[in-house]
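So, here come the structures, one by one.
Note that chain A is present in both complexes that follow, paired respectively with chain B and with chain C.
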Partner chain A sequence: MSVLLKVNKIKTYFPIRRGLLQRVIGHVKAVDGVDFHLNELETLGIVGESGCGKSTVGKTVLHLIPPTEGEVIFEGDNLEELNEKEMQQKRMHMQMIFQDPYMSLNPRLTVREIITDAPVYHGLIDRKDTRKLAMKLMDFVGLSSRQLNRFPHEFSGGQRQRICIARALSLNPKMIICDEAVSALDVSIQAQILNLFRDLQQEFKLSYLFISHDMGVIRFISDRVAVMYLGRIVELAEKKELFTNPLHPYTKALLSAIPLPDPEQKKKRQPLQGEVPSPTRNYPGCPFAERCPMVIEECSTTVPQLTELGNNHQVSCIRV
Partner chain B sequence: MKQDNQKDNLLVDIRDLNVAFFLRQGVARALANLNLQIKRGETLGLVGESGCGKSVTSLAIMQLIPEPGKIMSGEIHFNGEDLMKKNRKQMRKVRANSISMIFQDPTSALNPVLTIGDQLTDTMIVHQKMGRKAAREKAEFHLNEVGISNPGRQLKQYPHELSGGMKQRVMIAMALSSEPDLLIADEPTTALDVTIQAQILDLMLDLQQKYNTAILMITHDLGVIAEVTDRVAVMYAGKIVEQTDVKTLFKEALHPYTNGLMKAIPSAVADLADHEKLYTIPGNVPTLLELPHGCYFQKRCHLVSEECRSRHPEFTERSAGHLVRCFHV
Partner chain C sequence: MNSTIDNIDKGQENVTFEKGESLSLLAWYRFKKNKLAVASSVFIGLLILVAIFADWVAPSHYAAEDFMSSYLKPGKDFLLGTDFLGRDLLSRIIYGARVSLSVAVIGTLTSFIVGVSYGIVSGYFGGKIDNLMMRIVDILYAVPTILFVILIMVYFRAGKSEEFTGFKALMYNLDASMGGMLFIFIGIGLTAWLPLARITRGETLAVKEREYIEAAVSQGIGRRRILFKRILPNIMGPLIIYASVEIPTMILYEAFLSFIGLGVNPPTPSWGGMIAEGIQGIRSYPHLILFPSLAMTLTVLASNFIGDGLRDALDPKLKD
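Take a look at the complex of A and B:
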């Protein structure tokens, strides 16, 4: 298995400006030193609560937001060093699917235009061949080719997400970043789309960076899982390892907080106290320290590093 | 706590409720002959996908169906009185004193230009005829109860200064300040993170114990249902298709839609075998404008037969308290 994407210590900070002179008075540290790689044909799940920086990681990988520090290496090329033209070529191989299929489709274009505009622009196909390509892609994502000339508002949420997937596939990408791609869908539709993602992965030889807050979805779709908290990865492991043997106290709390669909097992939960603190603060030690049940004095002074504990299991905690 | 001199302990009794929305494209039958009972102090879960009529049911109880919707027929008994027969003023009283509601999105449910304190005390001053100072003390007491540690400071803050979880706590404090008999919670934790969701659910159950409030819990999350409810009603296209106690539902659900829903959720506690697919219910939810003749679930059902296409299945009792609307189970 070869590495498709390598992310080295990326940081993405957003400046906070105040006052007449718009002076920078601080930073929102959305992503604060994240390291991971994605293999070909693999799905890496990124899970975490709102504001933990998982969506910013996705956008930074695509250089939709360039990183403040660190580098993103895709197919062996550092994206920082590419010029505009080369970047355009690269972007064909990395596509994104968003959460809300109502907002991410242009309401004035027909499905055929939505799906085929990009390959025409990039010169992959001739304008007169769009019908054929559109029909083929519609078939792949399970839509009827009779619906080719309809507009987005004529489709249901699940069907719209299928259109978004067809659009992402139209450029023959190697990697698709799915940012909460099934979160807005009803359960019965969500299952259909998740299965579709799996089928397409084999068919098109895709790698997914699958961002979600839903542990069930992550467990179904991922090969490896990264858990994020306040802009950092706190734990990264093979799916099975992470769910059966979570080591970081945050991962444990997250897993125990999920309500289980089994009334016989009303477990005694140990919900985390407090809420996620602000990402604008500077943490001299571990950012999770103030909510952590295992906290010791050292935690407030030492910044834990993501360390390999064998078995491809990486944890960022000084207590494990 | 309010005294009830009722013969039985039935709090809400909805009989043959029909609600329709008159749209330009036609008439959408949002609820068709709905029957639903809620006992005092119990938690009833209402599950279903978007557009199945869960929220319309709760709005009908509150008599707050928005235009162009209309309650066509039926009775809604609450505390032994028919809410349909009440005029606007009487209904306002019921909403102020006996039924409270919390919504999915606490941000849009709170008024951004009023402080938390103003919003909490307003109803007490108007409906319970309390003085400003007494209302403020009561508000502080309720904020404390929902786990807000510094209520004096919180009362002076505006909604935008609070996080989502905090705002939902404020909504719960507001809902419970009138010590209602019924709390309608419409997807109360859907917008919250899992760790915060766990806190809020625990809080709701604690307060329910304390005030003996009945809760109508509307959600699409079967995990939440399993964790907090006593009985469950599953809705599909404006009808209840299955209703039973929560343990029976998760052990021996009968209706093919309920079963499909349960199997379609990816589990966070167990792995599927390699390359095994998720169970799916084929097709989409039918639009309420063009419901099929016969059973509404027929187009997506694997048990479908000729009978399903020709007439609508009755809601029948299979064992004590377990009602199902299907010919084939």
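Take a look at the complex of A and C:
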């Protein structure tokens, strides 16, 4: 297994500007030093509450938002060092599927144009072959290829997400970033789409960076899981390891919040107090300290580092 | 290498495709249902034909004078009567449509092209460029248009035309060959594009943040293509609505300039100029002011109905 994507200490800050002169008075630290890698043919799940920066991680990896600090190395190339032309070429190998299938399809284009515009633009196929390619990809994602001249508004949510998947596949990518790709769908449709993701992974030899807030979805699709809190990864482990042996108190709280289908089974919950604190603040210690059930004095002064505990299990907590 | 594209199936040639209905097509269906707007379109269409073929349609030339039959009431020989020089009123109204319609068409077209290209660049590139471009618009907004037009006209038209030289002579001759319409176009062109530039910028700012634009960027599609193929079609609706609502304003603006004597050169007829001439004898010969006013009212009313119809068709949310 070789490493496809390597993310080194990326930070993505958004400046907050005020006043007539638009002076910078602070930063929203959406991603604050995130480190991980993605192997070929692997699915890395990123899970966390809303506002923890998981979508920003996805966009930063693709350089849709360039990182404030740190580097993204994809297929051995540092994306920061590529010029515009090289970047356009590189983008073909890393695609994205967005959360809202109603917003991520251009309403003025037919499905055929949506799917085949990029390959034609990059010269992968001839303009006269667009119909064949569109039909083929629509078959792959489970859409009737007879509908290739229809427009996005003529499809349902699940069908639209399939169009998004076909669009992402059209450039024959190595990696697809799925940013809450099933969150906007009904549960029954979610299952279909997740199965489709799995099948396509084999067929197209794909790696996924799967971003979701849904532990159930993450558990189904991922090989490894990263848990994010306030712009940092607090725990990263193999799926099985993480779900059976969570070490970070935040991960434990998330896992205890998964609803069980069995009403008889009583479960000890560890509900978290309060909300995700503001990402604009500076934290002298652990950002999770004020909500943590295991907090001790040291937590508010020592910044925990992500440390390897063996078994490919990394945790960022001084109490573990 | 490109497995998606290499093995496209060859056997799917004889499939019947479902027809898609684009947003523009749906808008056309809505527009067709609006009887008032369709009737107005027919009216304006006929008017345009009449204006183009005025030489064949009009009973006589607009400058053909007959002193023996001045100030005639509407009757058999002169359908709408004659003016103080004995010129046939109907012919003058027909030729006058040329001025009104060309101001409407050319004014709208130039302000649309200039305003939209200016606004889309400003909105898409943003930042300092946007700031600078919009401040220029603000400054031009502050110039009193009428005053400016009057100054231009006084500068270029006052004095003996035989003594003009260089640029002044060129402008004067150009204006004279257009029957005095050049300065009207300049006056309109100076300001009419400003609101369109602002609207375009606003729409561009909104659309460029949409996920389907982000998707196009993440597919490595170039800036120019995104600007013209992805953003422009999606902001066209509101722009067309605004431009069509502006048409009556332009017709009235020309009429106003002609009314105060700054419009087309006599004897070229324009509805505003005819009203100005007719007002001198409003008590004794009301038909001199009635018919040109009627022509203008109908035209303005019809273009308003078309504008409303377009608005309802292109943006169904705005209806009522």
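Here is the rule we use: the second predicted complex is superposed on the first by the 318 of 320 C-alpha atoms of A that agree within 3 Å, B and C clash if a C-alpha of one lies under 4 Å from a C-alpha of the other, contacts with A are read in each partner's own complex, and residues count from 1 in each chain.
Going forward, contacts are C-beta pairs under 8 Å (C-beta built on N, C-alpha and C of every residue); 3 or more make two chains touch, one makes a residue touch a chain.
The structure displayed is predicted, hence computed values, not measured ones.
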item	value
Clash or fit (per the criteria above) of chain B with chain C on chain A	fit
Contacts of A:118 with chain B and chain C, given as first, second, both or neither	second
Chain B versus chain C as contact partner of A:127, first or second or both or neither	neither
Vertex chain A angle, Cα centres of chain C and chain B, expressed to the nearest 10 degrees	80
Partner chain in contact with A:108 - chain B first, chain C second, else both or neither	second
Which of chain B and chain C A:147 touches, first, second, both or neither	second
Shortest CA-CA distance between chain B and chain C [superposed frame, angstrom]	13
Set intersection of chain A contacts, chain C complex versus chain B complex	none
Interface residues, chain B side, partner chain A - complex	49-50, 163-166, 193-199, 201-202, 220-227, 246-247, 249-251, 260-262, 264-269, 271-272, 275, 277-282, 284-285
Chain C residues within the chain A interface of the complex	2-5, 8-9, 12, 15-23, 210-212, 214-222, 225, 229-230, 233-234
Residue ranges of chain A in contact with chain C within the complex	59, 62, 64, 87-92, 94-96, 98, 100, 103-108, 110-111, 117-119, 121-122, 124-125, 129, 132-133, 135-137, 145-151, 153-154, 164, 167, 169-172, 204
Chain B partner contacts - residues on chain A that touch it in the complex	49-50, 156-159, 186-192, 194-195, 198, 213-221, 239-240, 243, 253-255, 257-264, 266, 269, 271-272, 275-276
